[in-house]
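The chains carry the letters A, B, C, D, E and F, assigned in the order they are written, with residues numbered from 1 in each.
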């Protein structure tokens, strides 16, 4: 019962954030696409946590941990990637 | 189904709702900054609630700590990144104007 | 658990959608973002399949490092003059032909997958049987470091070779110098702050993933990737500079893992009677495996970080 | 479990097809590299299906899982080298695509 | 003493030693790397000969790495085919290493340079990868070895940093990656169907079925892309022509043979029953197309290295004729494995000859600063030994006696005629004539009397390296019995009985 | 022991000098000359030893297995000796001539290296005991001749070289296909046992015969496969001698001989109905070559077309299938070699000393170079078939053989050919002996000093003498004719 419900919620969370793909596609600015990815990242972390609980697979929490860490990493790369030559800092130029 | 289970379900359901809200905001709000606003609020709260809900099922204190660490990390990343993205969006806007 | 199928029903279409977006969209940035999302979804899929080791690797490497690599390259190749766009969209014939080819191959593979025999022949039993002798709890680590250690050794060399290949693209005057361009960040800005905050956390997480690898999902590759990622973050935050490629310490770090692996392998010739073998005496195998893993973690972290950092372009200061 | 694994195997098959399409259609080198990674992960999913069908605890057969990890690392290595080559090509020639056809008739080069 | 030879870990060392050398070369740095590399390379022929002795004495050499027997572990296996390829590889790499000193050894008083350092570990890794392929008995391990090979070979193409080389390297890499990923997919399906990727076990367990059939098709397609069989050859000529000569020598002589070797293992050892007549005929047909197209294109080239590269494309075509011709003979004929043996001998003699040709091309570039065929007048006088070596190597390509190419072609032709499939003989003979056309087209200006230009002098000892390789390829034609007998050791039954 | 050693030694006497000479630096001409002459002399000596042995019934055999089904086999039989004696003898003389001819020209190490290699190949062809061995040396000959043809390295030489290769390699491919086709049905073919082919499909046999003779016909310059030969005239004179008399053309004719006599056997050739077509082709070539020769005003080209014509006597003799005709064909192998090499030696000397390349430039040559012209005249008369010259002997036996075989039309061919021969040789002799020199400036040098280098004079004189002797002493057992009769007697079991 409980695992089923948790898995159901995992599906729900995933479904709602997956809709964010539309924003990735549509943009219009790079910032929009990044935000959508960010949302998907967080939602993905939530999905993994729920799955870990549903499948009773505590090791999967580590995956969420790594995803959380790398979400920050990827986001920095996004921001960097939007600057010329990929080396800038939006704050610096602001 | 125990009380903890009910707590878990309630918290998780609330979390899922925030994710849904965040997505709707991301898709429906008119410009970058409002979307950003919707996003940061939604996903941090959403993830937080889900972590909260799962805490009772965690594997000991260490497992619980890990769960919290996941949330904190995500929060940290989201906060800083939101800031950077906002700056970027403003610059892009400037450039576009 | 029927609700899991609900998840499958969301996850699989999402993965395919993200893949289509990554391939089909005009905007290159959108394509790379889609690809990163795709990697994330794949990591979830691996969790769903119960393969947590793979999920860790996919999360760290597939979504993380590959995405960063592509993003960085995109930024440098930029939105400047672009004959790919100038040439216009691919021709209709090409698209149709490619679609037909893709569909045919996919259909063939699908048919083959569906035709796989039941019950599935497998080696889980053999692995489980041989694992206790090594003192390991994680069968995947057992396969990677012992049963198929030879593959892993070659793989570590592959990684190093990729780095040598990237280095070989350096302009001659810059040889021995620093990889990539110099990153900038406002000293008191958010970026620098994040760059200072995350690495300690990341190092802890990385070491944790390395340490649990012997008994639970995790291990050298995943840990090395995490360590590499935080280091790259520090570089992007302009907190540290990548080392000059002529640095002896760097080179030693790069070769330490595979060299250690080889050395243990040679020792196995004497101690276990087989190259890459571990002594049968109880309690010997696990420390040796951990030793090799530690070396590999160091080398993989260094190699991956420099892979992302790129070709040496600046003379050493 | 078995049928789920097969489902992901089918997804892998589809991904290979999508990746092949991208490899053929996209001219930009980075897009080709990206498409190659799609094919790669599709193949890994097929491996995953093979492993998962094995049933058992923790994702079934560990041998294909280990192979996938190896494959992921190898794919990353190759991607990194390809990206570096693409960047070098861009820096040298300003091109982001491969020359249309190799010099078949070969005038002096 | 004899027992000692039979027991040594030669197979393991053949893989481990190059890798160890590569790992050591990096921290040693550019002033020492080439010395270390040459030292390690020099051990190659010795190790290969020791392994040959081991094979000769004790039959097929099998090594369970780590002491874990297949299917759990990975095995190395050395039969006659492996050993012959290992020997060829060791010899060609030794020669190439010596020849490469001209371009990649540091000059006195010079610090570490990029190419001066990196060439050597890349070369060692390439050698290790080739050995791993030739010894591999596990299809997934072969995938890793192939990737190792690719990642060592691609940087060698563009190590001189010319823009066209970078483009060629990138194209090469993309083709190679596509090839290996298709191969890997096939491996996945095979594992799914049979629960092992060990070649010996697979051969015993193989059940025909859609999964197996699809796996075979995918792996074959992937390996064909890596072997540059027509029409998947597009990457080869630019890559092999743009690489520095020493690298081209290795690429053309050996690297493309590695994927072909796996193809042989796949078709003859793993799934002979599945290769219906149609598949074998298709491969033979593509091989024929490669022979004709490659030779005609080679005839049209203006530049020496491109011409040699297109000749590689053509020569690779011959290898594929062994699929329809394998077996084939009546039982009364002693050469029933003739086509298979002929194909392998062709691979070996082509390796030696082609390496010699590319090394000569390197000397030409060194002496003239260009390799435009028309402008090579007087070359014969400037470096007669090198031109002679080129001519000798050309013999092997033309399949004329006395050369290894002749014996190989004789075996293939005999198999074709003896099995009544005379139509395969026509492209073989035509290919030989076309090869004569392009070889002599290259020799013509070299022998013409016009002084052409001022040639930078090239020492005789540099010219002696390609000559040695060319002489070996000729010697293979004069004494082919030893390799012939060697190839009989551990040969798969399908090589004798034919496919399908 | 010696039995296997001798063929190897004979081969080595030209192979080793070749390798040594390749390595010699250009200025070491003394050493090169010494090696050359020593090799040639040693070969001749060894051949004499074998001659004695074979006459006494000994056989020499050397077998080198390559792979199963592919053995290299050297076997010395009477026919082999006929050819090897000729080539060994002529090689010695050609070497002397070539050393004098090339003087101090460039690239001599290369030239003499390939020159020796060429002779090694010819020796191999002569001694081959099996079809595939024959093919191996036949190819070696092609390849080692090419650098000699293009030796001068000018555009003309290179073009001739291309044409030479195009023809000969095409021929080789046909030959190889024929050999392999035959062997795929019969197993390895050696030149000893007859009857191996009996019972094989006639179509297959005909196809193989056509391919093999067609392939060999290229080198033997059968029309229409002859065009490379006149083109190759751009090569230095010693090379022409080699092409026309010692090695290349002879190798083709010798190959046809082997195929007819020792592979198929004359009986089978007739049975398959292959003799007549071959005879017709040969006859056509004889007449066509002579006609073309008549039309040439360049001396060497005239000689070249004369070769096209004369060599086909050999094929003609064998095609007629009777023992008498076969003797005629075989003996012509030797006679034509002696006569034609004399002609080319002389032509080369005339070109070197008098710069006479064209027919009309020969005016008065007899007065200025009497010895050379004497030799030339003897050879030319022999070619025409004036009794008792060597050419007459050949033609006599051919004619008799034709009658014996019931092919009287061949007599007409022979007669026509002789008339044509006379028509293109006699004017040369007339100009040389009876017309005054064109440029009036009379040579002030005394007799015999005008002839030029003795190395250019002595060889033609010797070969002319030999040609004369071959005709005069044809009845002796060790004469070429005697030897040819021995061969045919053994082959026909008479």
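Annotations
Convention: contacts are C-beta pairs under 8 Å (C-beta built on N, C-alpha and C of every residue); 3 or more make two chains touch, one makes a residue touch a chain.
Protein identities per chain, from UniProt: B = Monovalent cation/H(+) antiporter subunit G; D = NADH-quinone oxidoreductase subunit K; E = NADH-quinone oxidoreductase subunit J; F = Monovalent cation/H+ antiporter subunit D family protein.
All of these numbers come straight from a predicted model, not from anything done at the bench.
Fewest steps needed to get from subunit C to subunit E, stepping only to touching chains, is 1. Shared contact partners of subunit C and subunit D, listed by label, are E. Hopping across touching chains, the smallest step count from subunit B to subunit F is 3.
Of all chain pairs in this entry, the one linked by the most C-beta contacts is C-D. Closest chain to the protein centre (all Cα atoms averaged), using per-chain Cα means: E.
Note: centroid distance subunit A to subunit C, computed from Cα atoms, is 18 Å. Between the Cα centres of subunit A and subunit B there is a gap of 10 Å.
Separating the CA-averaged centres of subunit A and subunit E is a span of 47 Å. One simple way to say how far apart two chains are is to compare their mean CA positions; for subunit B and subunit D this gives 32 Å.
Looking at subunit E, residues 72, 140, 144, 147, 151, 154-155, 158, 166, 185, 189, 192 sit in touch with two or more other chains.
Looking at subunit D, one finds that residues 16, 33, 46, 49-50, 53, 58, 63, 67, 70, 74, 77-78, 81, 85-86, 88, 95 touch two or more other chains.
Residue positions of subunit A with contacts to 2 or more other chains are 5-6, 30, 34, 36, 41, 57, 62, 65, 69, 72, 76, 78-79, 82, 91. Interface note: chains touch in the pairs A-B, A-C, B-C, C-D, C-E, D-E, E-F.
Interface of subunit B with subunit C (complex): residues 73, 76-77, 80, 83-84. Across the interface of their complex, subunit A is touched by residues 1-4, 6-7, 9-11, 14, 17-18, 21, 25, 27, 29-30, 32-34, 36-37, 40-41, 43-44, 47-48, 50, 52, 55-56, 59-60, 63-64, 67-68, 71-72, 74-76, 78, 181-186, 189-191, 194, 198, 201-202, 205, 208-209, 212, 216-218, 222, 226, 229-230, 232-233, 236-238 of subunit C.
On subunit A, the positions that touch subunit C within their shared complex are 3-8, 10-11, 14-15, 18, 21, 24-25, 27, 30, 33-34, 36-37, 40-41, 44, 47-48, 51-52, 54-55, 57, 59-60, 62-63, 65-67, 69-70, 72-74, 76-89, 91-92. Of all residues in subunit E, those touching subunit C in their complex are 9, 12, 16, 19-20, 22-24, 26-27, 29, 63-68, 71-74, 112-115, 118, 121-122, 125, 128, 132, 140-141, 144-145, 147-148, 151-152, 154-155, 158-159, 161, 166, 185, 189, 192-196, 207, 209-211, 213-215, 217-218. Contact residues of subunit D toward subunit C in the complex are 1-2, 4-22, 24-28, 30-31, 33-35, 37-38, 41, 44-46, 48-56, 58-63, 65-70, 72-81, 83-88, 90, 94-97.
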